[in-house]
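Structures follow.
Common to both upcoming complexes is subunit A, partnered first by subunit B, then by subunit C.
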Partner chain A sequence: MESRLLRVNLTTGEMKGETIPHSIFERWIGGSGVNNWIMWEHFLTHDINCDPRGPDNIFVFGVGPLAGTGAGSGIKGRITFKSPCYNMFGDSAGGGKFPYYARFSGYEYIAITGKAPKPVYLLICNGEVALIDAAHLWGKGTEDTHAILQEELGDYPSKVHTLSISQAGENQVGIAGVVSDALRIHARGGGGAVLGSKNLKAIAVQGNGGLPVARPGEMLAWSDDFRKKIDGNEAIYGFKRRGTLGAVEMYQHIGSHFWRNNQGNKFRGDEIRSDNWVKKFQKYSEVCSSDCFIACDSKYVIDGTESEPSKKYIGETFRRPEYLTTGSAAGALDVRDWSEVAHWGKITNDYAIDNQDLSCSISFLMELKQRDLISNHDVAELFGHEQSLRWGNMDDIEACVESIVFQKNLFGVMFRDGPYFGALKYSEMKGKNFMKYAMYGKGGASFTEEVRPYPTWMNNMAVASRGADHLKGIGLIEKFQREDLSKMYFNGRTEAADLTIPDLKGACTALAENQVALLNSYGVCLFHWMLDPAEFTPQDYYGKAYAAVTGIERTPEELMRDGERICNLEKAFNSRVGMRREHDMVCERWMWEPNSEGLYEGAVGADMFNTVLDEYYEWRGWEKESGLQTRARLEELGMEDVADVLAKDGALALT
Partner chain B sequence: MTAIPQKEMVTGSIRYQPGEEVPNVGTKLFALRNQCTECNACEVACALVHSQDGMVNPQMARLRIDHAPEKSSRTNPLGIGFVAEICHHCGNPPPCADVCPTDAFYYDPVTRAAVIEQDNCIQCMECVPGCPFDVVFVAPKGELLKCDLCGGDPVCVKACATRPEMVNEGKQYVRLPVLFFEAQQEFNRLSKQIPEAQDEIGLMQAMLERGEISSSA
Partner chain C sequence: MIKVHTQFLSHFKELAATDEDVFELDRPLVSELATRICDRYGPRMQAVLIDPDTQELNARGTMFVDAKGRRICMADPLEDGDVITFMMGIAGG
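And now, the complex of A and B:
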């Protein structure tokens, strides 16, 4: 297994292709694992405490070895960088056709450093590369940028696929993402601001080269087996139709939404149900990337007959809102009409901005207004004019979005790095402590789902390497109370599936983080595993596909160690920038306010928080007091070199 | 010692009428228009079957997914979505073979599919416009690519699994793939319903446009 890496120094314009040797894949699997290693190596020769918006930061794109080989699990590209909004490790996955075609363009990994003197875009076509003037693209949204590049570059040797930033990225808004093919966003962490700071508007790929598969016959047989299993699976049958939207009803039942800045956890009104979406809006099914046997995505076209507000959006077409698009609009902001939720999804994608941080910034301010903690005068001071800031009012919401994207006013400038930093700055400006109403977790990242009744999810939010979010350690065992999985992974013990006790919750986070790290490194989507976590295990079932594609033979236990190694490198990055146990935390409301409604009313996050966190460090083999890694565990994982770097930086546990 | 079966070259000019038994082809492949999700699974599977030198390349696949915004069908009146462009195996003889100046096409003795003998092919590309369905493709290095039915069990049909409209029969979920094949006999039965088509190719075009071809086979 070998792969090609393109190194681009935008300051000098120098571009150099190199081969990533087999030994790197043996150690780091591929995808996010290899990305992490490329970034780690970069910061051995560059100051890790550099300004993430400066030329010393690195932006790595990579796609794992299983992507597009018949693995049937979608294709996820990954971007990795030092996060400009949280000032720590940052990475984000995204679909679209870009990662698929990146594999045929000649370079599966791209590492970008420096800063271009003027806006440019990078073109990669069958191994040939060029930096091209992007003056005509600057100031455009991702949809226009993609369309112009498609027109400009033509259809040979293949259609053009792009990764681009919007005006938000150009303005170096910390919560700006990067969008693949104008449809699928790499939202988390602020990759858009990194590219914006480097004056790189887009990366375009074209190509008709092939990709290596060590044993095609074996891969075909695996693929056939996987497809048969997917066909016969009842959970997947429903998921094909509704995707993550299917969670709306279940979350409504148990009380797991994030209503009005998490003052409640159920949607109000009858409209926001997945049934209503499918009946009124869903037009045809589509796949988000390629090589996926589920194809949970779909398109909508609004014709104005669906509801009164839909008349504003006649002709608008985009992809169906995901759960978190819905959770942020119908939840955090209390929008009660599907066409408005869909519109929110479309604008946040076109402006390439993280809808989690964005919605929590807006809902923070709306809650202050609702509680009369700020006056109309205070609002006018932030926006430069009167703004009603009513819950669910799309005009207000759009005004807030544009304030941030275009850095129009004080509100936009203050909240460019999300709700945590925004609330801090605003509290300071007003001389009042508003932090109680800011929703965030580790690093200041926010997330629009109820987490208080779920100890593993709380723990996920507190320890995730890229800041609070659920996609680094998915608490499936606990949230869906899967005793079978608990038994499978913990020697017949069932406690992991019991929400009412802290036992094995930290262990679950460690386990899921390792598994997710593996899937992210393979370059596939997480959903297939999530829909049947007992069958489609990353270490065992996917491990066979990994062997067929790369020729690297691994036992499931070895693969789990590989996953753990990848997680440890992300942790090491954060330790180097000064993060310790006290940074593994969540906001006041999640910690201390009792859960206000739903099946688990009254649950207080703090009850189990520290016990679970201790257990997580224990399972990780890290020091509890400081949260730092130990040399013993790093050496067990074959990471002596990493331990040496940490020791030099004073970021290794002393024990 | 077993004798190597004589390759039957695709030549001749007999035209078959709708409903008549066409002797040369056992299986026909079709795709439902605009029901495709563009998952590319069929392309990838085809590329895996036809991989060379440890490389897999969808550009070497014998079918392509294309955006088909203008075509509407009975099942998709809005006419939005994608379509799999795939060889239907019209045996009449097939027009792609008919225009070949070097007679490079022969019938696979097992599947009865007309396939290209690469050694005889001079890459003149006459067969590309010669195909009325635009499903003879050119590989990145110039090789002409035509569906060979994978030895009789087309892998693309097996791979086509993403369409969400599966039929729920009790607890069994039976998928309705976008790609499917019809036995010649079934095709003949359906074809009697369109008497106005002049020949088999016209018939297929008419049936596809009307959305008359179903996955009932």
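And now, the complex of A and C:
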């Protein structure tokens, strides 16, 4: 197994291809694991405490070995960088066709450093590379940028596929993401601001090269088995129909939405509580990438007959909103019309901005207004004019979005790095403590779901390497009360599936983080695993596909250690920038305010928080008091070199 | 004889062509309810409700809970007036 890495220094214009040797894959699997290692090595020779918006930061794109091989497991590319909004480890996944066309164009990994003297885009075409003036793209959203690049670069040797930023990235808004093919956003952590700070508007790839597969026959057999299992699963068919929107009715029933900045957890409004949106709006289904046996994605076209507000959006077409697009609009902001929710999804994608950070920033301010903690005068001070800040009002919401994207006013500037830092700055400015209304974990914006009844999810929010996060340590065992999985992973014990006790909840975070790290390193979508985690185990079932593609043989136990090693490198990065146990925390509302409604009404996060966190550190082999890694565990994982770096920086546990 | 109310959400609503129903059961057990649901709604419902390998309620991508939000299994007893909700078990997005 070898891969090609393109290194681009935008300051000097130097571009160099390298081969990533087999030994790197033996240690880091691929995809996010290799990205992490490229960034780790970069910060051995550059100041890790650098300004993430400065030229010393690095932006790495990478795609794992299963992507584009016909595995049918979906394809996700990964971007990795030091986060400009949270000032720690940052990464984000995204689908679309860009990731595997990057492979076809000759490079699976791209590492960008420095800063171009003027806006440029990077073109990679069957191994040839060029930096091209992007003056005509600067100031454009991702949809226009993608369309212009497709037009000007033509269809040979393949269609053009892009990764691009919007005006938000150009303005170095910390919560700006990067969009693949104008459709699929790498939202989290501020990768768009990193590219904006480097004057890199887009990466365009074209290619028709092949991919190496070590044992093609074995791979085909695996893929065939995978397809049969997916096609034979009626629940997965249900997921094909609705995608993550299938969660809307379930969350409404159990009380798991994030209503009005999580003051409640059920949607209001008759229409929005149901997922019949699918029947009303969805025009056709499609896959987000060409290599997925599920195909949960779809498109809508609004014709104006759907509802009164929909008349504003006649002809608008985009991807069906996913659950968190819905959770952020219908939940956090109390938008009650589906066409408006869909429109929110479209504009946040075109502006390439994280809708979790964005909605939690806006809902923070709306709640202050609702509670009369700020006056009309205070609002006018933030926006430069009157702004009503009514819940669910799309005009108000769009004004807030544009304030941040275009850095138009004090609100936009103050909340450019999301709700946590925005609320801190605003509290300081007003001489009042408004932090009670800021929703976050470890500095990252809350994801817009209720977490208080779920100790593992709560812990995930506190410890995720990129700040509050539902995609690093997904708590499937607990949320879905899967006794079978609890028994499978914890020697017959069932406690992990019991929401009412803290036992094995920290262990579940560690387990799921390791498994997710593996899937992210293979370069696949998480949904196939999430829909049948007992069958599609990352360390066993997927491990066979990994072996067929790469020729790297691993036992399931070894693969779990590989996943753990990847998580430990992300942790080490954060320890080097000064993060300790006190940073592994969640916001006041989640910690102290009882869950206000739903089946699990009354749950208070603090009841189990510290017990679960202690257990998490125990399972990780990290020191409980400081939250730091120990040399002993790092050596067990073959990470002596990492332990040495941490020791030198005073970021290794003393025990 | 007991009466048990069922709620069908999302994909289950499509399979049952209704969002709620009532079942009269001779034996007050989840297994009896599952059998009756399969009889009434047919093989596609059965495919998502019952795990063919274990004959337990299917846990894959689904969530079946009582009124307190506890996941139910085949051996669980039921009482007159119980409400059981059948949902897709999905997270994230």
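To be clear about the criterion, the second predicted complex is superposed on the first by the 651 of 655 C-alpha atoms of A that agree within 3 Å, B and C clash if a C-alpha of one lies under 4 Å from a C-alpha of the other, contacts with A are read in each partner's own complex, and residues count from 1 in each chain.
As a working rule, a residue touches a chain if its C-beta (ideal position, glycine included) is under 8 Å from a C-beta of that chain, and two chains touch if they have at least 3 such contacts.
Note that the structure is predicted; figures quoted are calculated from it, not measured.
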Which partner chains sit in contact with A:M219 here, subunit B, subunit C, both or neither? Use first/second/both/neither. first
Using the touch definition from the top, say if A:Y600 reaches subunit B (first), subunit C (second), both or neither. second
Exercise for the section: Please work out whether A:L324 is in contact with subunit B alone, subunit C alone, both, or neither, and reply first, second, both or neither. Expected result: second
| message | On the A-aligned overlay, A:S285 touches which partner chain: subunit B = first, subunit C = second, or both, or neither? | response | first
Message = Going by the contact rule set out at the top, does A:G246 touch subunit B (first), subunit C (second), both, or neither?
response = second
Please indicate which partner A:E234 is in contact with in the superposed arrangement: first for subunit B, second for subunit C, both, or neither.
-> both
What is the contact status of A:D275 with respect to subunit B (first) and subunit C (second): first, second, both, or neither?
-> second
Note: overlapping subunit A surface for subunit B and subunit C spans 233-234, 237, 241
Per the touch rule above, subunit B residues touching subunit A in the complex are 34-35, 37-41, 44-45, 47-49, 51, 54-60, 76, 78, 80-82, 140, 155, 158-159, 161-164, 166, 168, 171-173, 175
Per the touch rule, the subunit C residues reaching subunit A in their complex are 7, 9-14, 44, 47-48, 58-63, 65, 67-71, 73, 85, 87-93
Within their complex, subunit A touches subunit C through residues 233-239, 241-250, 253-254, 275, 322-327, 449, 470-471, 474-476, 479-484, 497, 526-527, 530-532, 534-535, 599-600
Note: in the complex, subunit A contacts subunit B through residues 68-70, 72, 100, 104, 157-158, 208-214, 216, 219-220, 223-224, 227, 230-234, 237, 240-241, 283-287, 290-295, 297, 299, 301
